[in-house]
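Two complexes follow with subunit A in common, the first pairing it with subunit B and the second with subunit C.
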Partner chain A sequence: MSDSKTPLLDELEKGPWPSFVKEIKKAARTSRKAKDLLGQLELSYKDKKTHWKHGGIVGVRGYGGGIIGRFSDVPEEFPGAAHFHTVRVNQPSGWFYTTDALRQLCDIWDKYGSGLTNMHGSTGDTVFLGAGSDELEDIFTELSKAEWDLGGSGSDVRTPSCCVGPARCEFACYDTLALTYDLTMAYQDELHRPLFPYKWKFKMAGCPNDCVASIARADFSIIGTWRDEIRIDQAAVAEYAEKGLDIQSDAIRRCPTRCMKWDGNTLKINDHQCTRCMHCINVMPKALRPGTDTGAVILIGAKAPIVQGAILSSVLVPFMKIEPPYEELKDLIEKIWEFWDEHGVARERIGELIQRVGLGNFLEAIDIEPSPQMITQPRDNPYIFYEEYYAEEKEGGEA
Partner chain B sequence: MADEITVEQLADDMYDLVKKAEGKKKYKPNDLIKEVITKYGDKVDKKDGKEAIKLLMDSERCVYSYAGGSFVELAK
Partner chain C sequence: MATKEEIKARKTDIGPPHYERFLHPIIKENYGQWQYHEILRPGVMMHVSESGAKLYTVRAASPRLISTDFIRAICRLADKYCDGYLRFTSRNNIEFLLKNEANIDPLIADLKAEGTLVGGTGRSISNIVHTQGWVHCHSSATDASGLVKVVMDELANHFTEMDMPHKLRIAVACCLNMCGAVHCSDIALLGVHRTPPRIDHEKLPNLCEIPSTVASCPNAAVRPTFIDGKKSVEVDEDRCMYCGNCYTVCPAMPIADPLNDGVSIWVGGKVSNARSAPMFTKLAIPYLPNNPPRWPEVTEAVKNIVEVYVKNARSYERMGEWIGRVGWPEFFKLTGIKFTKYHIDDFKYAGTTYRRTTQMRGV
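Let's look at the complex of A and B:
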């Protein structure tokens, strides 16, 4: 029999995969907080219930977001874990750090916190786990001195995040990193001072592959696309064929709109039918590339289930050029916020509000024309009721 | 009568609202803005309201709290 104090947690270390328990144990060698965290967690497994309390007033001066409060409900037993708040640190666009920057963060965190981090949290931020209430101002001061800032939490703009974009990826149809930085700076107040009915997430993806999964995770998704033709290098297509790629079955037959043709020599794409799904480009990246007239599709309304079920975002603007200073985009964002402020009820995400009031009313309020691309899910009918269209029909019929 | 309503005035009004409601009702930031707009009509707008909340926080009279949504409460 082992005399381990955490027999239940030890089970989670077994097997070949990485274990968070192993990491907490490592941290526990030097951190009282981590040690008591282990103790409390073991107790939770024993009692089959959590010993964390949610919320409370925690934060740093002037900011409404960035710190998520957690208090232990067994603080006498585990004083090191009595306050165990989460600090969200706004990550750099595309999660690019120098090693110096990482060391800087780790030093600050070793000095004040538990040493436990989460790289990265599901919102995207660098996450520091286990800050005491009294340490928050000091942590914030040190971070600020080193030019870091907190991210969002609560009913505000959450830390905007993006795919790696043009920094490493040839598919990027706009500069996701630049836009992420720009929106982060432009909406400082909205990020740090909660004023919305609920959270608001921006995610930028450089192309329809959507590596940040913005379509499922962002209230406002900006997904790169193009409106001219897919660039084809016929010689490179032929080379793929020679090297054994079955172009017919791996590319042509999997094109969702069946808009491609391959006669053994030449690849033809009917670009009017193409939905820019990226499938063929992913299969033959050396031969096919997005067009050159690039921009993004703006989608709205994704959320994970809380009040109602999960919803994916749906198309709001089929194509928009994405170039600094991003005026058109910001005008749109601010109009939507205006409407949400006015009509949203507490804890209602923008997608739910749109479902409640109807897309037609929403579009009218933000001054956008309905378009056939507005569908609730792929391969569905548009969900707009074209009143004017019907009105004209009727008049025409009567005349 | 001075027609101009200052942001300070709005912040004071908001503070009073939060204080009176303590223990009974929690204000969301937007509720406070709506309250002062109701009180002063078109002499103030949403932007003034936002500035007033900023002032309220920066002067450390109030803090944000979170319980499902974000609220404005008295600083301890």
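Let's look at the complex of A and C:
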């Protein structure tokens, strides 16, 4: 038998998948914080319960968000984990780095923190795990000197994030990285100083494949699309067929609208029927490409279950051109925020507010014309709240 | 230590560094000009630009919870093979961006020596997106990193090979807050509390502010009350959905319950708009016990679902599309998972999920 102090966690060093326990142990060689995290986690594995409590707001001067407080409930046993806060660092668009930039972050973190990170948190931030309460100002000062800033937390704009987009993906229908950077910069105040009813997430996906899951996770999802024809390279289609792709069963029959035809020589698409789902393009990226009149669908309101149940984003603007300086988009965002500020109650996400007041009323308030693209079907109940009706004409008066 | 002056002089609201500083020159030159890509083998992609330029990407697994040592190690590899450029993906994989095709094999060999795996492209199971769990969250009903590790140990060959009917995306969240979209994954593991918070009426008046504790409950289950003449709160247990928000505000209301906390399993969600519309995950298994360190019941159940999917789904069918085609009775039959009353929705609008046609299979 080994005399290891962490027999349970040691089991998670085995197996082919890279081990987070090994990572904690690496950090624990030089960091007391990481060492005590390991000890406390072993205790959780033994007790089958968490040993963290929240119980305190921590932060840095000037900002309301960016730091998440975390305290151990067994600080006497594990003093290094007593204060173990999260620092959310605003990641670069698309999660691109140079090694110099990463080493700079590592140097700051090794100097003050536990040496443990999440690359990245689910919202997108570069996450430092395990900062002491007394070190927060120092960490932020050093980050700021090195030209890094904190991300969002609490009832604010959460750190926007995007897919790899035009940097490396041929499907990108607009510049996700540029828009992410632009909105992040435009809304620095809203990002750092929580004043909303609840959190607000922006996510930018370059095409309907939605590799950042914006339709499931963002209050405001901007998903690239096009409105002209799919570009077809017939020679490349033939090449796929020659190389053994079963175009009939893998592309034609899987097309949700059955708007494609393949006679063995020529591929035809009835673009008028096409819903731009991406499937055929995914199957034959060398032969098919989105059109050139590109833009995005704007969707609104996704959230996780708490409180009123999970919601997927729904269509708000069926098509919008997405080009700098993005004025139309920002006008829309700000109008929505105004409405949310006025009508939202505490901890009500925009998706819940829209369900409460009705999409129709919401559209009216933000000056968007209703369109059948926003729904899957018209209502099937007769409980219509008519706002306009004829009144009996009064004597000599108006209706 | 930062002095008061330094703190005052600190630049704020500067935002993240501009991403262009971090783009490989090939990417800068061909930005928005990519024409097509090929997956050369699992974990290796080639993107070809209209200019003819080629960029190679090698995708490697990461446990997400990583040390600065690990980051420095991958930086050394990126310096050696990628001119000092790399990125991370939306599922916490690492992508090495190479100009030189000849560097692919040596890079992969070095990555293996570093203890990681290359894969996650195309028809594979990619890295699991997950939350903090016992590593760092107060409301967790299970650990997230540990579950990811044991499940991916079991499924690693589907990360390194592209042998699935289609992409399979797994997510783990450690409580109902679901910090990270488990509600739209092919397979989702969700930590569940099953009992309301326990109130320490001795400590509560000193530790917690009553109005904010009452306000913390999203379901209005927490009410002010008096216990032995002292102010405290009570929980309406019928309204409690075990979310742990009250504990966030009031440490005298712990929700963790080692005997009852555990893991539920959900299937058939997706976020992509390809073919079918995005879908929520639906309940497959309401509860499995927390059995750390390796959660054998959970890994067994996930493996079973994956195997049944691989065997039965058609090419390019995601989990939810396959179940949509064959129907839920068939899913429960093929997987051998027991169907219970918990599978039937009884929250708001539950009736929309009742079958209102005589058309059904598997009777």
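Throughout what follows, the second predicted complex is superposed on the first by the 374 of 399 C-alpha atoms of A that agree within 3 Å, B and C clash if a C-alpha of one lies under 4 Å from a C-alpha of the other, contacts with A are read in each partner's own complex, and residues count from 1 in each chain.
Keep this in mind: contacts are C-beta pairs under 8 Å (C-beta built on N, C-alpha and C of every residue); 3 or more make two chains touch, one makes a residue touch a chain.
Everything numeric here is computed off the predicted structure, so don't read it as measured data.
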First (subunit B), second (subunit C), both or neither touched by A:L41: second
First, second, both or neither for A:P197, with subunit B first and subunit C second: first
Partner chain(s) touched by A:S93 [first = subunit B, second = subunit C, both, neither]: second
First (subunit B), second (subunit C), both or neither touched by A:T176: neither
Partner chain(s) touched by A:G115 [first = subunit B, second = subunit C, both, neither]: second
Partner chain in contact with A:T294 - subunit B first, subunit C second, else both or neither: neither
Subunit B versus subunit C as contact partner of A:S314, first or second or both or neither: neither
Partner chain in contact with A:D189 - subunit B first, subunit C second, else both or neither: both
Touched partner set for A:R61, first subunit B, second subunit C, both or neither: both
Interface residues of subunit A shared between complexes with subunit B and subunit C: 54-55, 61-63, 189, 346-347
Contact footprint of subunit A on subunit C as seen in their complex: 1-2, 6-7, 10-19, 21-23, 27, 31-32, 34-38, 47, 55, 57, 61-72, 75-76, 78-79, 84-90, 92, 94, 97, 115-117, 129, 131, 133-140, 143, 145-146, 148-150, 152-153, 156, 159, 176-181, 183-184, 207, 215, 218-219, 243, 245, 247-249, 251, 256-258, 261, 269, 271-276, 278, 280, 290, 292-294, 315-316, 347-348
In the complex with subunit A, residue positions of subunit B that touch it: 28-30, 33, 46, 50, 53-54, 57-58, 60, 63-70, 73, 76
Residues of subunit A defined as touching subunit B within the complex: 54-57, 59, 61-65, 68-69, 153-156, 189, 193-198, 341, 346-347
Subunit C contact footprint on subunit A (complex, rising order): 8-9, 11-12, 14-24, 26-27, 34, 37, 41, 44-45, 47-55, 61-63, 70, 73, 84, 86, 90-103, 105-106, 109-110, 115-120, 122, 129, 137-138, 140-142, 144, 147-149, 161, 163-164, 166-170, 172, 175, 177, 181, 184-185, 188-189, 192, 208-217, 223, 249-250, 254-256, 277-279, 282-283, 285-286, 289, 304-310, 312, 346-347
